[in-house]
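The structures considered in this document are given below.
Both of the next two complexes hold chain A, though its partner changes from chain B to chain C.
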Partner chain A sequence: MTLYEAIFYFFAIITLVSAGIVVFSKNVIHSAFSLLFTFFGVTGIYVLLNADFIAVTQLLIYVGGILVLLLFGVMLTNKVIDVELKTGTLQTVPASIIVASIAGVLCGVFYITDWKIIPASMDATKSTTAGLGEMFMTTYLLPFEVASVVLLVALVGAAMIARKERTVE
Partner chain B sequence: MEVGLTHFLIVSAILFSLGLFAVITRRNAILVLMGVELILNSANINFIAFAKYGGMKLDGQAAAVFVIILAAAEAAVALAIVLNIYQRFKTVNVDEISAMKE
Partner chain C sequence: MDEILINFLGNDIIAYTLMAFVPLVWIVPYALFAVYLERKVSAHMQDRLGPMYTGGWHGWAQTIADILKLIQKEDIVPSSADKKLHLLSPYVVFIGSYAAFATIPFSSAYIGSNINIGLFYVIAVSSLVVAGLLMAGWSSNNKWSLFGAMRSAAQIVSYEIPSSLALIAVVMIAGSLNLQEINQMQSGWFWNWYVFKYPPFVFLAFVIYFVASLAETNRTPFDMPEAESELVAGYHTEYSGMKFALFFLAEYANMFAVSAIAATVFFGGWNSPFGEFLGGPLWGVFWFLSKGMFFIFIQMWLRWTLPRLRVDQLMYVSWKVLTPWAFVCIVGVGLWTLL
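Up next, the complex of A and B:
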């Protein structure tokens, strides 16, 4: 087993085990904290796929932003002193059947398909940041600007929605 | 067997299934959101894996950046809605929230 394979299995196991804890844990706080390890494992997988910029972005935005936001959500919507923190599940049996069949089909298709692999045109060890930056300023300029407007509007809207309603005089 | 495209795709398929399971079965709205984040992450793994094994073209990585941007926007808006629902109904159980207003 080469080092690359060992690192891949290490990160894959971290990702999948902690994602399992996120999904099956009865305690919302446990779920939120194991989501941290899921994001970390996914970051490792990105690094293995030569996506250095995406890996750092993942760490900054998911771990630094979205996870903290979710933790705030957990703490603000649960009575922490109560036993309310535990949450139930519903319709586990039909959901398990459906999800297991979807997972089976996906894995089967991924395994059977003979993927045509194109060898890398550029040096795989080179940083992707410069290439991505150039791409966002040329090919993807319009989607990039639209995404920035979407983000601004979404955050302003979120602040508006979350604020307590004031009575209009 | 050497670690290749199939391995990454299968990891993402399992991650997708776990996220889907959380979205379907959990009652807490926050946990449903966590399931959505898992699904978005699995999609991102696919984008980046195909970008690498499809000739290292970087287009897939650009798509992944957009996914991350929209995930951030989605999380912010969804949590604002969840907080608002909690203020009104005093619960985040998605089964009990069936009315548009009190």
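Up next, the complex of A and C:
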């Protein structure tokens, strides 16, 4: 087994085991924290695929943003003392139908897509960032700008809903 | 340096493992020294003497005695704590702060990983610290810990925005996120350093970055997460012995990481201020570390000079002062580059 393979299996095991804990843990906080390790493992796999920009973005957005938001949500909606958060199995039939259909679509896309195999360059210093930036500013300028406007609208909306105007007495 | 090691040892796994330990060789003695320095600086600012007895000359062995005490201490886990998370969180926090050192160039010959997105990586990897702090605060099952962790996370998440925006101003000049390349572009005399470029925009960006980095490392005037008068000790209230020491080490490592980024990005990193005079890889280490330590000293100076901000003032500074001015820096640098 080469070093590359060893590192791949290391990250793959981290991802799968922690994802298992996320799903099967009876404690919501434990699920939320093990999501941290799932994201970390996925980041490692992106790095092995030479997708450096996506790997770091994954860390920044998912760990720094979404996970922290999730933890804040769980922590603020429950009392600190006696943690009585339960996860159970409910609505088995509709859930399995939805999961099966999503898995079917994913597998279908996986098999239909014409994967282009490019020999892995061992040059780790070769960056994808400059290429991505150019694509955003030329070919995909409109979707990029639309996405930023959507995010801005979401931000303004969130501030509007969250902020209650206090009247001075 | 990595190629020399691989050739010398003949095995890349051992060579890379050794490379990964290099920053630790610096961080541990630095933390011991910085704790001593902090006590001395605070003492002299308040017209006291500070530790004077341990070891003889000006109490130089005080922190060594402290760390020996911490090693011997019993590890206490509160009976109602979430034991697994309580055990895990000091490691997550330390990994988050240590990982940042992977892309910081200590000299022209040593950088852990010369990746092209170094600066972006440093910003992103610090988010592991936030998750670790929340883990510590929650698992202690203590209201002070939880509030400390919440404040800390809210503060780090909001100050990440002005600090990243301030760094973008420099990235626009350099056209690269690689910290080694950013360094090489500032070589020569000290007026080539980015902080003196396009005045006053880059200098303003430096000030914004420095203020935001104080908040990210929970230093005064932004030390509400561990405000002693309200929260005992914040997120590490329930930690003792080596776990507490690990939090402390992570905090000092983080202080050095942000100082090193400020030194690298704005003040030429390992470049000598006098052109070729006292240049070269070994002097590079000296210049880099002394620039880093200079910012550490400024952090301590500010800590013992300024009072603590309130929560609303903290958010005001981040969103209504630093973030708009960081945008002014970006626009200013952009226009100046175009002209």
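Structural remarks
To be clear about the criterion, the second predicted complex is superposed on the first by the 120 of 169 C-alpha atoms of A that agree within 3 Å, B and C clash if a C-alpha of one lies under 4 Å from a C-alpha of the other, contacts with A are read in each partner's own complex, and residues count from 1 in each chain.
The working rule: a residue touches a chain if its C-beta (ideal position, glycine included) is under 8 Å from a C-beta of that chain, and two chains touch if they have at least 3 such contacts.
Please read all numbers here as calculations on a predicted model, not as lab measurements.
Of the two partner chains, chain C is the only one touched by A:V56; chain B is not. In the superposition on chain A, A:G64 contacts chain C only, with no contact to chain B. In the superposed model, A:L36 makes contact with chain C only, not with chain B. Look at A:T129: by the touch rule set out above, it reaches chain C but stays clear of chain B. In the superposition on chain A, A:T92 makes contact with chain B only, not with chain C.
In the overlay built on the shared chain, the residue A:F72 is in contact with chain B and with chain C.
In the superposed pair of complexes, A:M137 makes contact with neither chain B nor chain C.
In the superposition on chain A, A:L3 makes contact with chain C only, not with chain B.
Once both structures are placed on chain A, chain A residues 53, 57, 65, 72, 124 are touched by chain B and, in the other complex, by chain C. Across the interface of their complex, chain B is touched by residues 4-5, 8-9, 12, 15-16, 19-20, 22-23, 28, 31-32, 35, 38-39, 42, 45-46, 49-51, 53-54, 57-58, 61-62, 65-66, 69-70, 72-74, 76-78, 87-92, 95-96, 98-100, 102-103, 106-107, 110-111, 115, 117-122, 124, 128, 131-132, 135-136, 139-140, 143, 147, 150-151, 154-155, 157-159, 161-162, 164 of chain A. Only residues 3, 29-30, 33, 36, 40, 52-53, 56-57, 59-60, 63-65, 67-68, 71-72, 75, 80-81, 83, 124-127, 129 of chain A touch chain C when the two sit together in their complex. Chain B makes touch with chain A in their complex at residues 2-11, 13-22, 24-31, 33-35, 37-38, 41, 44-45, 48-49, 51-59, 61-62, 64-66, 68-77, 79-84, 86-87, 92-93, 95.
In the complex of the two chains, the chain C residues touching chain A come out as 12-13, 80, 82, 84-85, 88, 92, 113-117, 120-121, 123-128, 130-131, 134-135, 138, 141-143, 146, 150, 153, 157, 160, 177-178.
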